[in-house]
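Several structures are given next for inspection.
One chain, chain A, appears in both complexes that follow, with chain B as partner in the first and chain C in the second.
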Partner chain A sequence: MSAIEFSRVSFRYPTSGPVLRDVTFEAPAGRVTWIFGPAGAGASTLLLAAAGLAPGLTGGSLEGSVRILGQDPGSRSGRGAVQGKVAYVTATPYLQLSGMAESVFDEVAFAPANIGWDRARIEAAVPEALARLGIGHLADRIPEELSGGEQQRVVLAAMFVLRPDVWLLDEPTSALDGTGRELVRAFVRAEAERGCVVLFATEDAELGLALADEMVLLDEGSTVARGIPADLLGTELMWAMRAGSTGVGELARAANRLAGERAAHLAPPYPLTVEAAVERWR
Partner chain B sequence: MSAPAAPEGLAARAHPFTPLVVSLAVVALAFLLPAPAGPLLLAALLIIIAILGGDPRALIPAAWLAVPFWVLLFILHALLGDGPMRTLGPLTLSVHGSALALTQSGRFTAIIVASVLVIRGFRPGRFVDAALEAGWPWTSAYITAATLNAIPRFQERAVRVQEAMRSRGLRVRGTLITRAKAFVPLALPLMLGALHEVDERTFALATRQVRAEGVSRTPLRPPADTALDLTVRWGAVLAVLGAIAWRFVA
Partner chain C sequence: MICFDQVRFRYRRDPVLRGLTFEGRRGEALGLFGANGAGKTTALRLCMALMHPEEGSVTVDSRSTAGLGPEDMVDLVGYLFQRPDDQLIRTTVREELAYGAERQGWAPERIAAAVAGALEECQLAGVAETHPYDLAMPKRRLVALASILVTDPKVLLLDEPTALLDRTGRALVAAIVRTRVAAGGTVIAVTHDPAFAIEALDRGVALEMGQVMQEGSPEELLRSGVAGLELPPAVVAAQRAGLTSKSLRMVDLASALARHRS
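And now, the complex of A and B:
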């Protein structure tokens, strides 16, 4: 059984046209699946639907079937069954802080306290979560006073403390510097290896290429293609969709267009990394 | 991004229920105590508490809110009032109107200073823990805390929007006309941004089990409810009851 299953899902917000159109895909446990597409393709909405937040909290209407860990996250019983098992992280860490905590420790303890863990269990679990994200030294700091990158790691720790089975990540590294991005990348990979299903959306093709086992291409709310990122990112489809590719991929395509038909070695699929470009053009 | 200032003063150190009960008592006493001396003395007492209690900066926003009321009430009642008049330097003032202006100014000032002290000293996490300890349902505790915390958060956002607009060349200071012109460019992103923030926060809180069903939330650090807190709260209640009794007798 796939951990996340979308079957012919269409969705519209109360005041918009269709944002998702007949989307079907599965995301298995233990793998990282990347939702990619041009801005407005519907990736963020897809994550909201997977989390059971759309249409539950956003309003609107959903057709088709969304299953997460075998449950319908939009139903009351399904929500109860996956309670604490689904982590959802967005690009704005400041807005994901509870506003109730005077320390990072209490921020991370917020969700466990909400589901009634006793204090001893919370006292044991929180330092472990902080250490896992490399922010143990921030435990006594006020969350709102941290940098965006630190806040993003606090938010991840605040989800990790519950040991979720599903990670839904919307631009999870947007507020991070290079070191923070590397840490989060390693963290997400480790979570997949722990057996979690990871579904993430980013317009950062380098990150997607490095992190994802599989990608789902969305355009105007519809699934356009599915496959391995390294196979898809170098094809002309990416530019036909206005989605773009990695920096090296963009450069390789520009070189191909300048050279025209004179240089067959510049033809697609384009190399996506410096190493691949050196290998091909040596 | 500017972080909120850490809460200061007696209101931040006391048990979370104490400043709330006292501020409600202040609202009642401002109208029950004999005018104009009662409200004025109450306002003076709260100003002293703000200074000695460790949060004198609370008086700055309080003054911004109260002073326009003083001016308006003085013009309306003292200058434009009728009845017996008395000359004070270049001004001819209504005796009755002046007393009314002083009374209402004292009431407004007392209520405003008490409210500002409560809001500046409010610590939502401590309040939620205290409310849970007292047996409140989690959602009631959370909604009350979030509501009381909304004002400082809205202020933070207003500062951020103002800074962003000034960096784009909007003039937000100067004459009344300049400020009025800046109102729409400031208010629109402030309101739209606030609505967007509510959405994002709702999603985040939902995934952090704020809506968890069938479980009781664990209070993390319930604050101590000291004998002093109890005394102050009961003292405030008794003061209100005493003032009510006095109104019936007098």
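And now, the complex of A and C:
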């Protein structure tokens, strides 16, 4: 059994046509799986369905089967069974702050306190979680007054403190500066190595390439390819599906289209990284 | 066009801006770079007169923000918030786009034409009658952007305009910035997106602890590692491969690469 299993899942919102169409894939523990596709392809909806929030929170209708840690996250018993084990971070983490905490420390302590951890355990766990996300210096600050990137890390810390088994991450570095991006990248990698299943969506192909073991390519709600990111990102398929590639891949393809057939060294598969490109172009 | 002179500001306890001085010129896209918490978004809020300096002054097109509120700036300044939800209030995209022009008392025909233009430019014509909240977040950001383009303000303040956007959306935003700058507008953009900085911006200032630490071209700032950012990998690859191009923008790099070794 994989940690996350989608079997023939279709979904539509109350006012939309189909957003997911017959999606089947599984994401195993200890691996990082990247959902990629152009805007509107359904990646965020897929994460909502995995979290049991679509249709639970969003409304709409779902067909097929979603299993997370063997449970149906859309059912009451399934939700109960995975409570505290699934961390879902939206692309707008500021909406996930509790609104009840007067400091970052209290925000991260909020969930542990709610499930009855004693004070000593909380006081040990919270500083550790803050340190892991590089925000120890923000412990006394008011969460609502932090910058977008700082809030993004506070929300990650508030989930990490419970040591989830599953990470569902929607654009986990969207508001971060370069340093924060590096830190979160390393954090997610380490969580997979701890044995977590990580399912994440990003439009940042550099991040996906660096982080993911497998890519699930979506187009208009359907799975059109699955594979190792480094194998898929250099192909024309990525462009046919309007998903695109890394910046280096984009440059390589643009040049190939200008040069035409006279430039064999520019033909696909396109290089994806600086090192690979320099090797081919020099 | 925009002038910060020795601006100091704090929200509650800790100072956020500590003597911030910079200017944004006419016909220029200026980037504000800096780590999370450096004061970039705060600077944009002061430009819009949403808040006021504790000391020092902010002027926009020779108009000091002292004593003014955002309603006094809307004819001059369009502000794309970091969170599009903070500025979407109507029930269809078309109505949302009309709001600013209605408030400024434009005639209905003029509003309709300007809204149609902005829908077209931001590739939103297909969702004109949709509720903004029924759109995915990336599309919502484009709706918020379109809504500030309708009245064609001289100054655009853009807070992370490419965050969450896909490749097509990012290219669209860069093109919109270049169009405004070519027409003499001033754009100030807060960004952590190195590729956008190279494509769309002319100059940048790097903020640290509420002060300008460095000023230069986007290339210089990225090369020096401002806010932990780096030059886009495509630019690094092109330079290491020995390409010489007119600029570092993708279109010029691609034509240099196509000519290289041929």
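As a working rule, the second predicted complex is superposed on the first by the 281 of 282 C-alpha atoms of A that agree within 3 Å, B and C clash if a C-alpha of one lies under 4 Å from a C-alpha of the other, contacts with A are read in each partner's own complex, and residues count from 1 in each chain.
As a convention for this text, a residue touches a chain if its C-beta (ideal position, glycine included) is under 8 Å from a C-beta of that chain, and two chains touch if they have at least 3 such contacts.
Computed from a predicted structure; not experimentally measured.
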{"item": "Combined model on chain A: chain C and chain B, fit or clash", "value": "clash"}
{"item": "Touched partner set for A:T92, first chain B, second chain C, both or neither", "value": "both"}
{"item": "Touched partner set for A:D106, first chain B, second chain C, both or neither", "value": "first"}
{"item": "Chain B versus chain C as contact partner of A:E145, first or second or both or neither", "value": "both"}
{"item": "Which of chain B and chain C A:T235 touches, first, second, both or neither", "value": "neither"}
{"item": "Partner chain in contact with A:L53 - chain B first, chain C second, else both or neither", "value": "first"}
{"item": "Partner chain in contact with A:S10 - chain B first, chain C second, else both or neither", "value": "neither"}
{"item": "Partner chain(s) touched by A:T24 [first = chain B, second = chain C, both, neither]", "value": "neither"}
{"item": "Partner chain in contact with A:E206 - chain B first, chain C second, else both or neither", "value": "second"}
{"item": "Contacts on chain A seen with chain B and repeated with chain C across the two complexes", "value": "92, 94, 142, 145, 148"}
{"item": "Residues on chain B engaged by chain A in the complex (per definition of touch)", "value": "1, 3-4, 6, 123-126, 128, 138, 142, 145-146, 149, 153, 197, 199-210, 212-221"}
{"item": "Contacting residues of chain C [partner chain A, same complex]", "value": "11-12, 34-37, 40-41, 82-83, 85, 131, 134, 136-139, 160, 163-169, 192, 195, 225, 227-230, 232-234, 236-238, 240-243, 250-251, 253-255, 257-262"}
{"item": "Chain A to chain C touching residues, read off their complex", "value": "13, 15-16, 38-40, 44, 91-92, 94, 142, 145-150, 171, 174-182, 203, 206, 242-244, 246-248, 250-252, 254-256, 258-259, 262-263, 265-266, 271, 273-274, 277-278, 281-282"}
{"item": "Residue numbers on chain A that touch chain B, as the complex places them", "value": "48, 51, 53, 56-58, 76, 79-80, 83-84, 86-88, 90, 92, 94-102, 106, 109-119, 122, 142, 144-145, 148, 155, 158-159, 162"}
